[in-house]
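Two complexes follow with subunit A in common, the first pairing it with subunit B and the second with subunit C.
Coming up: the complex of A and B.
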């Protein structure tokens, strides 16, 4: 039996195909204007030598979940990230999900069920979009940011919370000749401190080792992980494909639906 | 114009502020605006004046910023000032403001005095002590209510007899008891969350005697209806002012239902009755100071504990599954209480979420938050 999970995010759309509880394939495409849910599922299916007729159930998640007409069910990205992260790393109790336009902190119980969550409110300051804007200002690739920041010797201070003001700050740092790696390290720290605020708002008890997992595309940035670990004071586990965790969770729920 | 619950006199968009005031003034009567659920309307009603609650609206600010209005005041404050500065309250004979928080109380009063000067023949700041449940605060507030009554009598050029005040209390208590009955019927599925909220909203702007007739009819109609199943996530709403019923509607659209609240446009407005076995002003002073759910602006030592206990009582009474805090941006008093309330709910493993609103409720993100909360409640989370 085959099922699919689609995560229609602000920046990218992801699909995961499951067959008998195992991940058969996945695919990631840029969301663009029209939404790419159908396309991404087709691509993932062809990787697994399957077609849409083979799918028993599709669950959609992500901010565009209501615009996935072929999905039989819509589930929020909060529940899906919880399900996906717990499947990959059963010790997960806290998830930090930093995506294209929002950041979330999700708390799970031992069974992997979501018990609490927090989301950034109406502002993209602690999100992937913030990193994109800064990469653009620094004229570097988004993917390079993590590695470059590790070379930093002196992290600069980015004091503005607002993405647009922070960009002006970055530009003035560039103009005053501060090395790019120090500016990037500062950008990471600025995001990390905002995400840490969200994180601690949902932490009431001691956080155990190996219980904090980061998902979402920003988790691929090693500099960002390092900054976050410094801010929250504990090691963060990153699954191999952090950006497909939501789609994986959706696929796992699709599988459960088939057995219900 | 005929009043109805479905199209409450009060709820936005249906009628302009001019129209709201005019239909009553056409009967040769006067209209007084008030801003807060902690305002003793009974005194105004006893003087034959129609008190209309002014909540603000989610329309964009167009005038207030020209008057150096603080952009970091809550949207309720900014919006009320904007409405007044645009001249939309020019048909109101008066405006009475209770000292609650500095923005919604004092700042609005001072600016109304300075910048909307002359608009209101009667403009009054009612000093409410910030401590409740003490003899001295009751005494103080009784004196202030007496002074308010005197000022109003001077404005009306006639006395407000004690009997009128006692009658007003009776009519208002009847309204409170009808609204409680509506909440109870909502809890049992006979009335929707939206309709029950509508009943409260309409009560804040309609004359109470007419409002009571409408509410009684609503109750009679509801009782013969088939109750709806109570399987949907049952939500308790916590917060202050909502400009309209959008949030109640959104929760229902997503498959949940609002069964209880501690909103300034909900139970905080009507829950506790006024005692009828003592001097009317003394009874009003006690009720408006000590009432539950308490106003977060109060400094009474037990305030947060009292607020928590009220929420817990409502959760039990109406079998609510979760609490949704919908708080205004820049509203310190509610947000400070929230931190403590959140910890207490968490300790009791009661699911909750907080959403910060400004001009609008911010539907897109709130939708995801509410759906995630419903998934937790339904076991999907």
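Coming up: the complex of A and C.
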């Protein structure tokens, strides 16, 4: 029995194909205009030598989940990230998900069910979009930011939490001749302090080692992870493909639906 | 052909038969008529002012905040707010204020106002005097001073004491009451001086009795909402707040409220809930904050797909008086107790008690908190309440919105949060 989970996010659309409880394939494409849900599922199915006729159930998640007509069920990314992270790392109790449009902290119980969650307010600070804008201002690729920031010798202060104001601040730091790596480290710290605020708002007891997991595309940024670990004072576990955790959770829910 | 609205947001489906807008419209028409004829003076107020005194003296209270809520519901507030911002108001300033400021500063003549107000019937008549009680919001008295300057009319500001955080509502020291009474007496002198009308304590006793009757009817409605299924949802209660805010002390408000109470009782007898026929009541939630008047559909109707209904709203209850019954034989003292000792002049302890009672009595599964972009007062209250919900492990979700300005609002984000909240409740 084969099922699929689709995560239609602001920046990328992800698909995961499950077969008998195992991940058979996954795919990630840029969302772009008009959504790419069908395309990404087709690509993931092709990788697994399957076709849409083989799928018993499809669950959609992410901001664009309502615009996935072939999905039989829509579930929010909160629930899906919880399900996916707990499947990959059963010790998960707290999830930090920094996505393109927002950041979230999700608290799970031992069974992997969502107990509580918090999301950033509606401004872009503390989101992947903030990083994108800053990468653009620094004229570097988003993917380069993590490694570059590790070379920083003196993190600069980015005091503004407003994306537009922070961009001006970054531009003035560039004009002052401050090395890019120090500016990037400052950008990471600015986001980390916002996310840490959300994190601590949901901490109820001592946070155990190996219980904090980060999901979403920003988890691939090693500099961001380092800044976050400094802010929250505990090691963060990052799954091998952090971007597909939501789609995986959606696929796991699709699988449960088949057994109901 | 009417121009298409810039902001497409929705109206909630009502569960009661009363047409609130009809009464709102009638109120504004009568006020404009009185202004034209010079038969009754118009006094502008900020919300939670002792308007029972106005009714006792034949003065018409008008509330620019209520007007802003109507503009929000009719989705014309952004046009007025834009005028205010063009005159220098910052974007994060209270949108109720900006709505009115924009109206004064030329917004009144905008084409969208004429269209939306249906032949210009709902128009704020110019004030003869203005008043504000410094009880809830620090902007209130400044707002009324601006209005006074604009229209060149007399202004009066009453002060309310800040109580010690441990003070219980049932044990307020006499000197606080005496201070409040002295403020009301000064207000009465101000009204007598500037309107030429004579104050009559017996008449005040009558309006206080009517106000108390109105509050009591609302309290009976709140009690009936404890029943499952809840007979009336938050979408209706929030509209009914007009009678509490603007007509406390009038016979009409009592008559309308009595009709509503009868309808609610009848619904309880028939076990008819607020949810659409065929939808079982699965979740009972409490609504915290001023609603986004421009999108009541998302605030209240959206949750119906989860079998959820709002059974309690702190915002509405704030207007029917937390401090107990009013005593018409001591009208001034009663008004002080009703208006002077409310959040935020009163205690956190009292606030906590109020909310724990909500949870146990109403069978509330969780709270939906509306963090208002331009109302820091409500956001402060929400921060306090969230700490309490955490303490008692009660689920809650926070949505970011503005009460009237859809430009400060992301409907998809709000719906996503509501979806996650109800999924969480169902798990």
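Descriptive notes on the structure:
As a working rule, the second predicted complex is superposed on the first by the 260 of 260 C-alpha atoms of A that agree within 3 Å, B and C clash if a C-alpha of one lies under 4 Å from a C-alpha of the other, contacts with A are read in each partner's own complex, and residues count from 1 in each chain.
As a working rule, a residue touches a chain if its C-beta (ideal position, glycine included) is under 8 Å from a C-beta of that chain, and two chains touch if they have at least 3 such contacts.
Everything quoted here is computed from the prediction, not taken from an experiment.
With subunit A as the common reference, the superposed partners subunit B and subunit C clash. Applying the stated contact rule after C-alpha superposition, one finds that A:7 touches neither subunit B nor subunit C.
When the two complexes are overlaid on their common chain A, residue A:113 makes contact with subunit B and with subunit C alike.
Of the two partner chains placed around the shared chain by superposition, neither subunit B nor subunit C is touched by A:169. Of the two partner chains, both subunit B and subunit C are touched by A:78. In the superposed pair of complexes, A:181 makes contact with neither subunit B nor subunit C.
When the two complexes are overlaid on their common chain A, residue A:102 makes contact with subunit B and with subunit C alike. Residue overlap on subunit A between its contacts with subunit B in one complex and with subunit C in the other: 63, 75-79, 102, 113-117, 119, 121-122, 204. Taken in their complex, subunit C has these residues touching subunit A: 371, 390, 395, 398, 400, 410, 412-413, 416-417, 419-420, 423-424, 427. The touching residues of subunit A, when paired with subunit C in their complex, are 63, 75-79, 101-102, 113-119, 121-122, 204.
Across the interface of their complex, subunit A is touched by residues 343, 346, 349, 351, 353, 355-356, 362, 364-365, 368-369, 371-372, 375-376, 379-381 of subunit B. Taken together, the subunit A residues at the contact with subunit B in this complex read 63, 75-79, 82, 102, 113-117, 119, 121-122, 204, 253.
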